[in-house]
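Shared between the two complexes below is subunit A, which has subunit B as its partner in the first and subunit C in the second.
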Partner chain A sequence: MAERCAVIGVGQTHHKAKRDDVSIAGLVREAAKMALEDADLTWSDIDAVVIGKAPDMFEGNMMPELYLAPALGAVGKPILRVHTAGSVGGSTALVAAHLISAGIHRRVLTVAYEKQSDSDAMWALSVPQPFAAPLLAGAGGYFAPIIRAYMRRSGAPDHIGRMVAVKDRLNALRNPYAHLHLADIDLQMVEESIMLWDPLRYLEACPSSDGAAAMVLSSEDAVSGHYPPAWVHGSAMRSEPTMFAGRDQVNPQAGRDCAADVYAQAGITDPRSQIDVAEIYVPFSWYEPMWLENLGFCELGDGWKLTESGATAFDGDIPWNTSGGVLSSNPIGASGMLRFLEVAMQVRGQAGEHQIDGARLALGQAYGGGSQFFSMWVVGSDKP
Partner chain B sequence: MSPAAAGRTVRPVSIASFAQAQNVRRDDVHNEVEGLLPVIEEVFSTIGITKDDVDFICSGSTDYLIGGPFSFVMALDAVGVWPPRAESHVEMDGAWALYEAWVLLQEGKADAALVYSFGRSSLGDLGEILTLQLDPYYLAPLGPDIVSLSALQARALIDAGKASEADFAAIASRSRRDALGNPKAQVRQDVAVEVLLADDYVVSPLRRHALPPITDGAAAIVLAAGDKATRWSERPVWITGIDHRSETHSLGARDLTTSPSTASAAAMAGLGAGPVDLAEIHAPFAHQEIILKEALGLDDAVAVNPSGGALAANPLMSAGLIRIGEAANRIASGGADRAVAHATSGPCLQQNLVCVLEGA
Partner chain C sequence: MTDQPSAGSGEPIGPVTMLATPIRLDFDFTPGVAQSRFLRGLERGTFLGQRCPTCHKVYVPSRGTCPTDGVATTEDVELAGTGTVTTYCVVNVPFAGQSIEIPYIAAQVLLDGANLSFMGLIQEIPADEVRMGMRVEAVWVAPDELTPSLASVRYFRPNGEPDADYDTYKEYL
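Right, the complex of A and B next:
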């Protein structure tokens, strides 16, 4: 029978375009040590390590769990390396949570990172492969037509994407770890930024960051740390095929199924009223209204209306991406874990300037690939 | 499992089905998805099930074999995950994908899982590729290739008086001969030790026969718990323990003639609770079998690598998973009652997984 799983420590680096002050090992240790200190533990208290990141060729280091084992205190211990595309940071946390829930370990350190300045992620994503449709210029080129399809279906006006771009950057001003701190961000600044992949302008796209995230997860009998734990109320992963004509890439079935699964575990029947705060993977501005619909926060076609009404803003009734989101920090492999980590911080009451008062139940979501990979968790301040 | 959680009751999980591709030096005809498709089909059809009968999928592979990012993404199309499925992937040998799936079955999140792995080792220069596994700041730039590092390990073993070059040849000779009984193996040959010893060195003290072949391949396993385990197998093969451990990366900080991570994984997996009839050991280089046998505490009565082992076929990312499948097949067919399977990753056996299997 499944054991309860708690988040008892969180840590993250200062995310930046280039962290050339640290090696890859230094980067992951910065986040891991912070998580251990938050949990009031040391390396020797950890039973196992689960590490995740996006493609190895982003840094040119194959299967980096081998090189990083000593840096992460994993010598003599189990270390697993997860890779599920952009959702990997979330999936990595879930694999760690399963080790606790299954009763196999009592304390697991989970770490995700990317040091994107070691390469050029946009082109590393775009290596031509035989018999595969070319991705052209990175993820933005892939997602732009899907966003156009959403705009046509929903009748959303052009300015919605720009609103998201501004809102998430305003939230980032509250988060000292965020990569982008654009003090004078406004709609006009977004509108005047260069068009990259129509309809996406430069400021509607995520940055390319160096950064890492880490969490310490524990069983109920091993809870420690400086803040009350965040309890895992539900977790789920879903994948759907890449080459399948029946896919709806605007509103993927895998995302809907994953949400239904995680809501059922957490007893959520009305996400908008029951979830206090959500961190959702929005690497391009328009994915906020798209995921609002996919995650059941509103009826199909109404996502942009929620964004437009300010419901997802910091002072709205369903604050989304209080950390500043992927639009403000994007170390790809860690981006999913940062979503999971932010909601744990919220229900633990440790989010400082970006804390939502009274946050008790929160949703973290990550997606990857061409939106065919999803991972989610719901965490709460009460025991499930 | 950790000592603290060692009192936990293990949920019985069986290896319900195993399939592997024909191991070949170079498959020029099929891409990764096409190579996987028949393996996935076989692993299900052997026990009369379909993908709808499993509730979790986990795979193992590495992007560095195909030379492009996200190679697991297209591979998933070989399964056809529609409607969408709970699915995960490790950038590790499939044996670790099996471990992740086993954890979900322990939790009760799933009752049956598909595990698969794949890789075409022939596409690039493995010596150069595997060098990228090394510390990217201090070691990889020096360019030591995997054969040279393994040769250092073999030399250390000889210097320690634990083995001779003739021992390496004897292991290779036995492996190639045993592989004659394994139609999926790549190097199948009845060849005398003296003949092998006449080979030139590739890197002293390793001759050609002490190196693994370069192999394209794929493998799949179905794990089952509860009713499904007993329904899908006449003689279920149970995983009674599984654990994996890592050592430090720095080769200079390790005693390369021993494998403490294998020994501790074996202890955690409960290997010592009784004797085993056979061992499927993932020893890509001949001398590594000697190190691993010692770490696993196996005496000469135990049949080692009756499939031919990694010296007869070494499809990267699948060779560890195949060890578990081969050991399970021997038990399922009544040829053994208790067996140990082992998988390794990284330079000179840095990381090791041990899985103990028992027949009903």
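Right, the complex of A and C next:
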């Protein structure tokens, strides 16, 4: 029988294009200290540290966990680094949660970050290789053809992506930590933004951010902090090969399997009616309708109709990305953890202006690489 | 961290806390048995794939195994240089190290007889006329310029055939 696991502290930096006032160590420490303060703990209360970030090439800083250990108070304690590309912030939190639920530690600090301004992620993602033509233009260049395939398959009208781009930026206006605060955002502004990877426009893509996220997780007998805990009701990870014949990248099998697993653990049979709020990894606008289908919030082909109806808006029946989402802040390695962290804040009632009233059960999801890594958790205000 | 004098004035401008330096990456690529076969094929001006003995699907390039069945692929299959654009995007974003002039079409090309598409450049057609289902053919570099790399394929261009029916490639999106 696994131990119960609770989120008792959360912290994050103000995400920005360039945090040139701090080093990477300063960045992660800022988020970690905030999480410790929220949990009403000090460094010495922590048993172990689990840290995650996206590929080392993004900053050109190899094995950064070694140099960050002292900044995170991990000297003399276990420190473990996780890497699953863009989903890493989520899977890092899950590795930390499993150390609690396995009964190995009572309090674990988990941290994830990216300092994109230290290097050039577009370059790092577009390294030429002899078995591929040098065409890949960053993540947008990889995902735009898949988005086009979704549009063709579902018959979704063009304006759906623009609606998501506006909705998530409006949510970001409620979140003081979000990178983008576009007060004048509307459909026309998105439509008039430059086409980067046709069919994707500039404002339908995530920004490039510096930032970090941190959480303190604890066992039931070690709960502390200024807000009630968020209890972990389910956790799941899945992966699939980047390429195999018949692979469905629009609706990946690994995502469907991961959702089925986490729902079964949390007793969810009807996600749309049972889940109060969800933070889902949407780095490009069209991934909202695609993941609505992949996560079983609607029938296949109907995701865009849900978006169009306003169901996923802040005042809709299933608000998605109340924090502003990846579309408003993208410190890549931290982006998955920010999804997990936002839903913990929601069920703890500490989300301030972006709080959904009465949120009691919430889903956080992250994906990464060529949609081949998925991580998800369901957290609730009641004990599981 | 040292105080740096500003140019000319002799006044300090504060501590140096951040330094931007150029990035560069040189590496040797060791392809292994399966990819060597594919790359040697390109050197001869052909696409060489491999068929899975279990599901009979053809992989190009082959990594030497079928990821679905977990078995080695041993049968070589030579593919024609024609295929279908299953999906695509128009790249209009500049980035460090880019070698092709923007805007350009990055398309998923499903070669005839293959069960896996790969990314190819489309040229000889205006960007706004490219379509899903468009039939294309490979344009190779001159014979004396062939190398064991996809750089041997200059690009794909429309081959004039009618567009493929959506049902014939919808499994490969």
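Miscellaneous remarks
Note that in this section the second predicted complex is superposed on the first by the 379 of 384 C-alpha atoms of A that agree within 3 Å, B and C clash if a C-alpha of one lies under 4 Å from a C-alpha of the other, contacts with A are read in each partner's own complex, and residues count from 1 in each chain.
In the analysis below, a residue touches a chain if its C-beta (ideal position, glycine included) is under 8 Å from a C-beta of that chain, and two chains touch if they have at least 3 such contacts.
Quantities reported herein were computed from a predicted structural model and do not represent experimental measurements.
In the superposition on chain A, A:A144 contacts subunit C only, with no contact to subunit B.
In the superposition on chain A, A:E308 contacts neither subunit B nor subunit C. Of the two partner chains placed around the shared chain by superposition, subunit B is the only one that A:R106 touches, whereas subunit C remains out of contact. Look at A:G60: by the touch rule set out above, it reaches both subunit B and subunit C.
In the superposition on chain A, no contact is made by A:E220 with either subunit B or subunit C.
With both structures placed on the common chain, the touch criterion links A:F244 to subunit B and to subunit C. Residue contacts after overlaying the shared chain place A:D45 against neither subunit B nor subunit C. In the superposition on chain A, contact is made by A:D198 with subunit C only, not with subunit B.
Of the two partner chains placed by the overlay, only subunit C lies in contact with A:W123; subunit B stays clear of it. More residues of subunit A lie in contact with B than with the other chain of the pair subunit B and subunit C. Taken together, the two structures place residues 60, 127-132, 241, 243-244, 246 of subunit A in contact with subunit B in one case and with subunit C in the other. Within the complex formed with subunit A, the subunit B residues making contact are 1-2, 4-5, 8, 31, 57, 62-64, 66-70, 72-74, 76-77, 80-92, 96, 99-100, 103-104, 106-109, 129-130, 132-137, 140, 243-250, 260-261, 264, 345-347, 350-351. Put simply, subunit A touches subunit B in their complex at residues 1-2, 23-24, 47-48, 54-63, 65-70, 74-85, 91, 94-95, 98-99, 101-106, 124-125, 127-132, 219, 222, 236-244, 246, 252-254, 257-258, 369, 372-373.
Residues 20-21, 60, 119-120, 122-123, 126-138, 140-141, 144-146, 148-149, 152-153, 194-200, 241, 243-246, 248-250 of subunit A touch subunit C in their complex. Taken together, the subunit C residues at the contact with subunit A in this complex read 17-18, 23, 25, 29, 31, 35, 38-39, 52, 55, 57-59, 61, 66-68, 86-93, 95-100, 103-104, 106-108, 115-116, 118-121, 127, 132, 148-151, 153, 166, 170-173.
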